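Working notes, structure below.
By written order: A, B and C. Residues from 1 in each chain.
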């Protein structure tokens, strides 16, 4: 039994590239999730019963089907209907749709938590519903949603490892290649484990800082 | 002119407004008095369209607030100041005041900001334009609320118990501003508990009791023994307010 | 009839695949429950060193991808210890540990939610530590933890889909096989998704039933 972490050194650059791909995919998918989540949240709170139903079904399905199945559905299915998209884009789309299901609940809660009086003040000033939503409701809801959306991002970073199954050389995929070259699976995967954990820890720190900065203006000043 | 005709409003089984008739002419300062539950705030919320009527009609300069298309025009002509300020927490004081002029009146940003700063100066908050609502005291927030309403250059200013959430010192500073506005000829419709204040600056006083309009008289006559005070409910109410 | 078409036997295959997922889910949930609660008890009694190690391991398992954990056990351990690990064994070990980490956190928060003001009187009355645990802590902690527990289990059921990547012939693996044979990805993956969805809903339903039964006996009815 020999444990030798130094064999990883020449491959660090390659792994770093994989990490970068993971980061890119997750950031894009986060944006996609928030957009998706915002639309679905609006649908969930809309006055149309049909829209509410569709939104509910979407959230229900994508929270109760394993991500790998969702991914395969898009990766193998889309070419069948003529859409030839590369693995990276397919991965981002799949992550966005899955993430959107969770984001919508968060954003919806954020919207419902807004003081009615503020909306009323906006209404009587003559602001249109569209402006009220984009300039007042969404900005406030997103500020209060930073922490839970941060959890969605962290979850997404972990889930992105599954993208390695559709030949994407993100962090896990790159690690698999390094294993095939060094024949040292234990060292590689242990390091990989720690890297992911460290990554999510850093992100959670960043989220805490972001939450404080965004909400600093809205928090009561200590007299 | 704001015309309130036979307005009825109920929340579920409870009737809150039971056939109110009221007219406000430009330039008038009218106060609405009455105990809690008499329907005062509801009346204001019907005039600015936050509540839908169950009967009757309200028109602001001939625009019917009951008709969605006309409501937008009616709202342009009135400005509301709220008891709980309702400032936008994520925007600066300047942002709060300039949002509607830019989005609704389509004013250029520079012009809107200039108007806003002038308004802030007139209420003594010229230096706080970049502050956030959370950093201001209650009295300061309400002054911003007044500026926000005035920035839209409304014909009629609706004020819903705007000092009820303030301590005596802040109440005084806000009332001073309102007195100045009244002097300058702004049309105002107050819902208030400040009887003395109402007496000092109003042209007319309206008394609501249990959803009915009992008295609608010029100020002096309202407080006269053979005028408003002849109504038992009015006398009862005023003596209670004096005790507090 | 070409072999590439669907046959009735395919339904049997799908069912068998789902059976593998469910079997593994039940086994690892049980093992994870036992281990996780044991860890929580260790933490409750503030055993030195061991408590810290457990917390560290738990955080590592919670904040790294399950896929990487599977690779570590399936590829890494054989490499290091020169032993053979069957896919099912690796899957069982990994998922049990992963579940245990999450159970540990839920158990800790459930125990901590029961104030010490319940435990002290019990001790004063002469109950032994074991009796306090069994009659005072456990019932109330269980009632408190059921909600998050159900959400966790539904999630872990979906996580079992990842065992297909290390070669276990579960529902997802069957899906891959059928997909490759029939080349009808939409049909295959919708069917697979539907089966997972049904299983998840079943777990959630049973869980809510259990929750209601527990709540009925517990004093925390209004919570």
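Note that a residue touches a chain if its C-beta (ideal position, glycine included) is under 8 Å from a C-beta of that chain, and two chains touch if they have at least 3 such contacts.
Treat the numbers as computed from the prediction; the structure is a model and nothing was measured.
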Interchain contact steps from chain B to chain C (minimum; 1 if touching): 2
By Cα centroids, which chain is closest to the centre of the whole protein? A
So which one's got more C-beta contacts, A-B or A-C? A-C
Chain at maximum distance from chain A, centres defined as averaged CA atoms: B
What is the distance, in whole Å, between the centres of chain B and chain C, each centre taken as the mean of its C-alpha atoms? 59
Using mean C-alpha positions as chain centres, tell me how far chain A is from chain B in Å, no decimals. 46
From the mean C-alpha coordinate of chain A to that of chain C, what's the distance rounded to whole Å? 23
Within their complex, state which residues of chain A touch chain C. 1, 3, 61, 64-70, 72-73, 76-77, 80, 154, 158-159, 161-162, 164-165, 172, 175-176, 179, 183-190, 192-194, 196-197, 200-201
Chain B partner contacts - residues on chain A that touch it in the complex: 115, 117-118, 120-128, 131, 135-136, 139-140, 143, 217-221
Seen from chain C, its contact residues with chain A in the complex are 59-60, 63-69, 71-72, 75-82, 154, 158-162, 164-165, 172, 175-176, 179, 184-186, 189-190, 192-193, 196-197, 200-201
Parts of chain B lying in touch with chain A, wherever the complex brings them together: 48-50, 72, 75-76, 78-80, 82, 84, 86-90, 99-100, 103-104, 132, 134-135, 145, 148, 152
